[in-house]
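Read through the structures below before going on.
Each of the next two complexes has chain A plus one other chain: chain B in the first, chain C in the second.
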Partner chain A sequence: MATDVEVVAPPSEPVAPPARRSIDRIRRFSDPLIFGVLITIGWQVIIQIFDFHPVVLPPPSRVWTVLSTQGDFLLESMLDSLDTIIRGFLYGSLFGWAAGVAITYSPIVRRAIHPILVALFVVPKAIFLPLLILWWGVGGFPDHKIVVTMLLAFFPVTENTIAGLSGVDREMTELSRSLGGSALFMFRKIALPFSLPFVLAGLRIAMTEAFIGTLFVEILVPNEGIGSRIVDAQDVSNTQFIIAAIVVIAAFGLAAYFLLQWIEKRLTKWY
Partner chain B sequence: MVLRSDSVLKKPSTWPAELLRRLWNAKELILTLLAALIGWIIILEIQDYHPLVLPPPGAVWEYLVAEWSSLAKETLWSFYEMLLGFALGGSLGFAMAIAIFYSPFVHRAVYPYVFGFRVVPKVAFLPLFLVWFGIGLTVKVVMAGTAVFFLVLVQTHLGLATVDPSLVELGKSLKMKESLLLRQIRIPAALPAIMVGIKLGITYALTNVVVAEMVVATNGLGFLVVRARQQSRTDGIIAVIIVTAIVGILVYQLGRAVERRFTFWYFEERTG
Partner chain C sequence: MGIRLDGIGKIFETDDLRVEALSGITAEVQDHEFVSIIGPSGCGKSTLLRLISGLIPPTAGTTFLDDVAVDGPTGGIGFVFQAPTLLKWRTVFKNVMFPYEVLASQRNATASKAEFEERAHKLLKMAGIEEFTHAYPKQLSGGMQQRVSICRALIHDPDLLLMDEPFGALDEFTRERMNEELLRIWRETKKTVVFVTHHIPEAVFLSDRVLVMSRRPGTILGEVEIDLPRPRLAEMRESVEFLDRVVETRHLIGLGSGAELLSEDPV
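== the complex of A and B ==
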């Protein structure tokens, strides 16, 4: 059942095709820019032609105004969310890694718990939120926001840790054992480095999942963070604020993704 | 067609024996679930929790029995919305992947944005979709479709881009037109990757349908769990969670069955 869930990420995935000539290298940056400008112009033209009300579709200039005048407020709310995201991500991936190690090395734990985790992966985890709020409540410890974020960040790390540890070269382990290496020594010097690329790829997915978890709770149960500010904006029909907030979330999401990808590349050069 | 020895030599097993064998293989899992159930009962014996905090298992069972018709009805609603969203997002994602595959400009221009949108939680778009589509069926279908769109797009493109070049050469040497080449060689060869997108896409669709239902709260499983919470029926919340879990697992199995049906040759090759 373990290999049925294909959430195991390849150690790195290409974003763009490799650039061969220098003209390709330029077009890799110019084409997205041209497309972005075309979309913005098209957006403006559609508003002019169909005469949309700004509540339905505000012009790009209004979104820009929100970004430039309320940038501090957006950033502050985003940092509030980021606090939850990072803590949930750290706790979730730590538990996820520990679960992955336990499942790989203990057959009993594997047979007893792994099917439950696999099942949990395919269940919409949003449905647990009312129960988690009831038990951990708003402002309780640990906060329900962190619990949901942990729950989402947990699984990719577990699956990738299992995949990484199960793929460890047998011959190397045998050799080390025959030379008198202890179990702990083999784990530290062989299993850990070998599973690292997989664990790091899992962390990359876990970060995206952590964003989903925190944003979901903030939108469903608004109190603080950028998700709650989106709901506030929706209540007063401030559509340009919603779009500006999405832009900010996308920027931070991409930054987190590329940061983790950079760490991944640095740590797994040899792979 | 290679005749595989195990399919000939394996003794035909009767279904009760097969069922017993499967149960025996899952004995640790069954014990864990039983232990959780007994733990639940023991906790209630030791500490007298209010049913609002932790209802006894019996209450959850009674809720399931009493409310089964509304549970079944709302499950079908969620399933219907999921399928519509899946069809919408899947077909658009597939078409977009083909455009990206054939046009280097579209690839370079669009892919960075696709990538950017993939990282944004789809739930952040929900308030915007509510403004655009109201609180009807459309908003849930669009939410589900958005999640499926990106997944199917990325997987289809991945599949098309990694097709064995010798297969394409073979088609070209037979003077196949590109449209025929796409239908007869590229897409069939890309199916394993596409099917992963479809299998995961259908579970993502369900997740996003439930999220939208919890916010919109007019029908579906998400509505039921929100209603149970508003009525302070914790037994109801747990009952809906159980039903949703079963639905989630069944939907995933459905996706897997579709995957096996269309790419059985790939799995036979892999497992030998």
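== the complex of A and C ==
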């Protein structure tokens, strides 16, 4: 533990000199970009050497053609999926957070509900799909895609909320209580902010899970969204379309992940 | 604020465990007095502090603060914990202001927010950390964090300061510096202080009186009157009178010279 009381330097983060920092910033984008270009070149070279049939592995140029000519269609299908992803993510996280709070603070809920939730957690969520479709049919209410997406987004948030709220130690609680603070005050002013970094990390995982959930269901039960269009393309051996769709999904997944990471950094500078 | 402990006992009971932490504690602390409670680990010192503050109820006896029986936290007490217990999402200033927010939420604040803010600045200056006013706790060393937590305990101008081994995690050099700082702050504010420690020279250096506690169940074995002149400076630690009080306290705890370990027939 650092205990030097003589320290009088103004508080500041250790920072690299400005020139160094801007180079770091550029390299954060340029390095993966260069690597991506190298992979594409390697891909093209492999096709030239081994003479793959375009159905097995189309050249990057064909994928690019799909992206440029059918870009609107891909984007439209992706936005269809994104609608489910975001709604499933929001509802799942909200319920997940509430369940985490209830499990942490209510011994009855903890004993009765938590084991059941953990049991649900270890079951692959797609297993519920036949049941959901049996109950409501495809496109019924609640939408089977949203339910599976919610289930996947639910658990990381629940577990992280529990971990965060349980990390509040006795002395922090006593700090509020010794001054007459109510339990609600303690929750709002201590437990909530204390658990925030944990919850945000849970949300980042939940977002990736939501992508997995929605796309998985779209592929299993083709209907709307980019996952269903991938199945259509598979039916007609349109390999370049499948790869183009994967590129689009990956781009959106990456954007969602970094958006949440950015929010996380903004909200928890103190951490 | 004067404290009177009248036959305090505390038993912790769970399904399969029954621990008698304190038994028959009777003691008094005068207004403006600096009293240390010293004893081996697990003797119930911290429990005693929590009983005085009203955070936990005793199983026997009564605690009186200025002749009023304690039955729950009152808000008129400043508590300094062993760990700084700072809220790391708040700046130093907002940490020091935290008691205001708690008291205001109970409509129990004795002064306006502006007055509290003014006092916060004064306290941070007194503790020598005003330049860190807007820093986050992670940017401070352990010693500085504990100073912030002392400022926080004083912000609502409590009559009583309860300190639970506040310097226990610090190295010896920092601890001595903090002892001197604490005495300076105490001289300026004249609070009643109950200070828990297991460090004998620290207790002797700081206190008007040292209460010595036994192992579990904690009882008060006796007390040592520290009639050394104030203000106390670092050099006092080397005086014969100071060492006499340390030895007296050691004997009361039951720490001898160690010679018995060398004899053929250990006691």
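The definition used in the following text is that the second predicted complex is superposed on the first by the 237 of 271 C-alpha atoms of A that agree within 3 Å, B and C clash if a C-alpha of one lies under 4 Å from a C-alpha of the other, contacts with A are read in each partner's own complex, and residues count from 1 in each chain.
To be clear about the criterion, a contact is a pair of C-beta atoms (placed from the backbone, for glycine too) under 8 Å apart; a residue touches a chain by one contact, two chains touch by 3 or more.
Keep in mind it's a predicted model, so treat the numbers as computed, not measured.
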item: Which of chain B and chain C A:Ile190 touches, first, second, both or neither; value: second
item: Partner chain(s) touched by A:His53 [first = chain B, second = chain C, both, neither]; value: neither
item: Broader residue contact with chain A after superposition on the shared chain, chain B or chain C; value: B
item: Which of chain B and chain C A:Arg25 touches, first, second, both or neither; value: neither
item: Which superposed partner A:Leu175 touches (first chain B, second chain C, both, neither); value: second
item: Which superposed partner A:Thr208 touches (first chain B, second chain C, both, neither); value: first
item: Chain A residues contacted in one complex by chain B, in the other by chain C; value: 4, 7
item: Residues of chain C that touch chain A when the two form their complex; value: 50, 53-55, 73-75, 77, 79, 81-83, 85, 87-90, 98-99, 101-103, 105-106, 108, 131-132, 135-144, 147, 156, 169-171, 174, 177-178
item: Complex contacts: residues of chain A adjacent to chain C; value: 1-5, 7-8, 10-12, 169, 171-172, 174-182, 185, 189-190, 193-194, 196, 268-271
item: Touch list for chain A against partner chain B, complex; value: 4, 6-7, 15-17, 27-28, 31-32, 34-36, 55-56, 108, 111-113, 115-116, 119-120, 122-131, 133-135, 208, 211-212, 215-216, 219-220, 227, 230-231, 233-234, 237, 239, 242-243, 245-246, 249-250, 253-254, 256-257
item: Residues of chain B defined as touching chain A within the complex; value: 26-29, 31-33, 52-53, 104-105, 107-113, 115-128, 130-132, 196, 199-200, 203, 206-207, 209-211, 214-215, 221-222, 225-226, 228-229, 234, 237-238, 240-241, 244-245, 248-249, 251-252, 256
